[in-house]
Amino acid sequence: MPVFKDLFRSKSRYATVKPSQGDGDQPRPQPARPKEVPDGLWVKCPGCQNILYQRELARNLQVCARCGHHFHVGAVERLSQLLDSLDTFEEWDTDLRTVNPLGFPGYEEKLARMQAQTGLSEAVVTGEGKLDKYPVAVGVLDFSFFSGSMGSVVGEKLTRLFERALERRIPVVVVSGGGGGARMQEGILSLMQMAKTSQAVERFGASRQPYISVLTNPTMGGVYASFASLGDYILAEPGALIGFAGPRIVERTIRQSLPSGFQTSEFALKNGMVDMIVERKDLRPTLARILRLHRA
Amino acid sequence: MPVFKDLFRSKSRYATVKPSQGDGDQPRPQPARPKEVPDGLWVKCPGCQNILYQRELARNLQVCARCGHHFHVGAVERLSQLLDSLDTFEEWDTDLRTVNPLGFPGYEEKLARMQAQTGLSEAVVTGEGKLDKYPVAVGVLDFSFFSGSMGSVVGEKLTRLFERALERRIPVVVVSGGGGGARMQEGILSLMQMAKTSQAVERFGASRQPYISVLTNPTMGGVYASFASLGDYILAEPGALIGFAGPRIVERTIRQSLPSGFQTSEFALKNGMVDMIVERKDLRPTLARILRLHRA
Amino acid sequence: MVNGVFEWERPLIELENRIKELQAFTKEKGIDFSEELATLERKADRLRAEIFSNLTPWQRVQLARHPRRPTTLDYINMICTDFVELSGDRCVRDDEAMVGGLALLDGMPVTIIGPQKGRDTKENIRRNFGLPHPEGYRKALRLMQQAEKFGRPIVSLIDVVGAYPGIEAEQRGQGVAIAENIRRMSFLRVPIVCVITGEGGSGGALAIGVGDRVLMMENAWYSVISPEMCAEILWKDTGRAPDAAAVLKIGAQDLLELGVIDEVIPEPLGGAHRDREQAAQRLKEAVVRHLRELLPLSGDELIHRRLEKYRRMGRLAQETEERLQAVSESPRD
Amino acid sequence: MVNGVFEWERPLIELENRIKELQAFTKEKGIDFSEELATLERKADRLRAEIFSNLTPWQRVQLARHPRRPTTLDYINMICTDFVELSGDRCVRDDEAMVGGLALLDGMPVTIIGPQKGRDTKENIRRNFGLPHPEGYRKALRLMQQAEKFGRPIVSLIDVVGAYPGIEAEQRGQGVAIAENIRRMSFLRVPIVCVITGEGGSGGALAIGVGDRVLMMENAWYSVISPEMCAEILWKDTGRAPDAAAVLKIGAQDLLELGVIDEVIPEPLGGAHRDREQAAQRLKEAVVRHLRELLPLSGDELIHRRLEKYRRMGRLAQETEERLQAVSESPRD
């Protein structure tokens, strides 16, 4: 779509409003470093019920060494797993802030709580980093922030990610894991982010650079039914929940229990919806290989 | 594809060889009139087992008045059913003759027999006629000639039909009913007609005129898996056999009897392969309506 | 609702029935009740205005779901001529929960599509209560791409509670189908006018809802989530759907203010079902007007404007450089 | 065939086995049999030439079906590096009877696809004996369209008995899928080199067989119908498949003469399975050579030439005007 390419280079076409919160509540730019894991903390593995030490788990990329269960990975930790080094990462659009466009009850409070808990300002971190020595535009949804759901800021940051990658002619990698899908609290504006991001993906195609979509647990709803499904290559971590309608809603609708393995990565692979299932330890090499093939 | 349009206007790009048969065996240009049905001849309806008089049947467009069974219709009779009048029909490419490119045993003899039996020179009649007072390029496969199967001449005539229609910017209607699919006796050259005709269909798209494909009993194999499936609109007569692999071959492969209604028009409609099922009496009005909408 | 009558409109319906009875009586017996009738009519008018001019969001949701509200095929038949219904996705199945075809609208050939609810139980079963499977979205896409091939404008009439939460729908990738539709629809080179005629539920609506113009009937709703499901999430109580309808801002007027839709099509007082013909005429007038505005535009121009329109969607704030500076200089935690 | 050995090659195989035994014996015992070995080798060479230089069409069909003949993935692994296999049609299912992905071929990024037979019973069941369903053709098409998006040439390795004659394959429209693939493949703006590596059965082969160049391995077959089915139709006797193979003209040399293929890739004497590496190297050399010829051409030029090529396919005769005149003037019947 070379015709439209120039149009979208200019910034700030979205509606900007003044932040409605007081100064003290403002989220801070998050530190671009994985949080230190305190010694001695342990978790029970939902896969094999074994007790795992978090430090060990972190060393194993948050994958259970016994059963291979893939735990959630925060955005910053994910970046450190995928990029050559976090030092190569330049974060984009840290200045965008979520507002409460519908005046949805309790939204500001919940946001503030999420921000305090996670150190993130929103559910996605975007920017440019180096993978295999070459620049790549990368976006990572963080499940711990509002289930990684997409509101106006997530949609805008992802859209700009694709726009800048198009300008710079560099590939895009997006790691999606948003159980919430669209952000209910922003109502119809969340739904519109599905259109906005999908259009950004398609326009990015003009770069002739690949967009690799990585689906992690869980990728559902409006996230799955937009940019996450539109990758030139779609990789999925093993055992991730992937689908549109939530399993409990499906269960209630059909009034019977779900078949085992329903809406897993393996189910999606069998049904032709993803290209391959990639274990976390193989994710970086696989991304590197695909990107290398595109540079050849 | 305006780029290629001019290239294909020139004629005779296929390999021409001299007719190998003696003068006496040469097929004649077929009379463009339905054959007179002699009085008193009757057939048993395979739908309801009733005895039907052929003259009555012909008056009812070869549809059993009792059970609605649709009998085969010859090419010329079909043209007279669909066009404003046979007088509006100008036949194209009557000078093309089938040869025996592989030296396939018995092919010439079978061809001669078919030609004598049907008064046709090949399994398709193509040309231009008027439907609803407007010109339309029309091709009709005749099941009585080699099961309406496609060899080099059928492929060439259909290809030229689409090419001339593109030149003249007129719509195309093709009525397919070829149980034989590709003409085995011309081997791989028959298979290549699938590519040639499919490409002709796509190139015709540059005309912005519609191509309506009408599937009659039976539309199978290479005919179905090429031009017949590529209509902008696909209509099917009720109860026609439509599919790729023949039902007996499927039955032998799966080693169990076929579900009732397998590979019927109704099966194809349910499975999303055709736009609508149209009774023969409604075929002409339906074609007229679609074409009229395209002229609006 | 009892017999198609909501509790909150019962006084009006009863009054209307009395008027009808009196009219019938007048005709039958030849007695003149014109004065009494006039009084009753005036009272009814007052009551109608009172009830219907101040509908709550939830009351509108109820109207949008009224069993006598025109369905997609009802509207097609009322606003178009020469409708030729087309079937199938050419891949899996013909999904009767989504209909579409070719028709004349005010003399213009259009491709018209939309989810189709059943008008009785039997039809509802055949049409899966108007909930399309992925093949329904793919069928719609096929027809829209056909429209593009022939340069025909597209009219999308939207009335769907949402995508179908079923096993097969998930199996056949409704997430992928919805995303693919959104993507393809965004880049079609022909005018697209979408109208939320009844319910506009989430991805199921958006899958056929990306347009140059998005209009909405006065009592339709359009939301990222149904009020029931929202109530379930917020309060674990679907019974509080009316509250959810209010906080979600799903009515036509709210969406107009949020910049998500372009125009509200007024309905006959009390809802489209109370005067289906008039509702259809208003729908037709609006659609035709927007199509005529769009028809002169080239494919490039249409796509350009369409993308610009969606590019603006969303509301957020941007920190100033100074503020960010100040914040990042303050000590951590 | 017994233990992978055809009746007609048994004398040679036995001789080759004796040579191997003698070589082992020499090594083990340290006794010099070099003179005897030389004689036996000479005899074996003569026999090999005698048997394999005059293969009947049916013998070639047998070689094409040899259980140790390299499969599509075998060839991919031998001729490419960095293969990334991609899955799914994004609609119905991942069909493991069709494989494909992205790889480097002689330093060039290519998209490489093809039907995949199983190399043992278990794999054969998983891969439906290399018989794709419609979703297999659609998966191949998806990958080819991806190749087009990124300007990557396409290599299609064809080894398929035919489309699958099964209920679900018919249900999901394999006729439509094949037609759609033929149509789309014909207009892709990147170079396409197809190679019939083993069996090229009818529509199943053509669905991934429209290319700028169509090559064929020496012992492959390509036909509108399998010899067995042809024999069944002609003589109601599948046992006469060898006769059918002969009349159908399905060998590489015949197809070259008919103008349907562009080049025959010689196989190691006795078939690709007797020296898989060498077979792969010859395949690679031919594919790379053709790709390098095609790479400089623009998308327009590629399509132009591709269409011209298929436009010429077929053989027929054209009556002269005078003859037609004469015939139509003669009395009827």
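Per-chain residue numbering starts at 1, and chain names A, B, C and D are given in the order in which the chains are listed.
Please note the rule applied: contacts are C-beta pairs under 8 Å (C-beta built on N, C-alpha and C of every residue); 3 or more make two chains touch, one makes a residue touch a chain.
What you see is a predicted model; the values in this text were computed from it and never measured.
Peer 1: What chain is the most remote from chain D, judged by the mean position of CA atoms in each chain?
Peer 2: That would be chain C.
Peer 1: Between chain B and chain D, what's the gap in Å when you average each chain's C-alpha atoms?
Peer 2: That pair's centroid distance is 31 Å.
Peer 1: Please work out the Cα centroid separation of chain C and chain D, and write it as a whole number of Å.
Peer 2: Once rounded, the distance between the two centres reads 53 Å.
Peer 1: For chain B versus chain C, what separation do you get between their C-alpha means, in angstrom?
Peer 2: Inter-chain centre distance comes to 43 Å.
Peer 1: In chain D, what residues contact two or more other chains?
Peer 2: Residues 90-92, 172-173, 176, 180 of chain D each touch two or more of the other chains.
Peer 1: Scan chain B for residues touching two or more other chains and write them down.
Peer 2: Residues 271-273 of chain B each touch two or more of the other chains.
Peer 1: Once you've mapped the touching chain pairs, tell me: line, ring, star, complete or other?
Peer 2: other
Peer 1: Which pairs of chains touch each other in this structure?
Peer 2: A-C, A-D, B-C, B-D, C-D
Peer 1: Which residues of chain B touch chain D in their complex?
Peer 2: Those residues of chain B that touch chain D are 1, 3-4, 7-8, 12-20, 26, 28-29, 31, 94-99, 101-102, 104-105, 151-153, 155-156, 159, 182-184, 186-196, 198-199, 201-203, 220-222, 224-230, 242-246, 249-250, 252-254, 258-259, 262-263, 267-268, 271-273.
Peer 1: Which residues of chain D touch chain B in their complex?
Peer 2: Chain D reaches chain B through residues 163-167, 169-176, 178-180, 182-183, 186-187, 202-203, 206-207, 210, 222-225, 229-230, 233, 247-250, 255, 258-260, 300, 303-304, 307-308, 310-321, 323-324, 327-328, 330, 332.
Peer 1: Under the definition above, what is the set of chain B residues touching chain C in their complex?
Peer 2: Checking each residue of chain B against chain C gives 205, 208, 210, 232-233, 269-276, 286, 289-290, 292-294, 296.
Peer 1: If we count contacts the way the header does, which residues on chain C are in touch with chain B in the complex?
Peer 2: Spelled out, the residues of chain C in touch with chain B are 82, 84-95, 102-104, 107-109, 135, 139, 146, 149-151.
Peer 1: Tell me, which parts of chain D touch chain C in their complex?
Peer 2: Checking each residue of chain D against chain C gives 90-92, 134, 138, 172-173, 176-177, 180.
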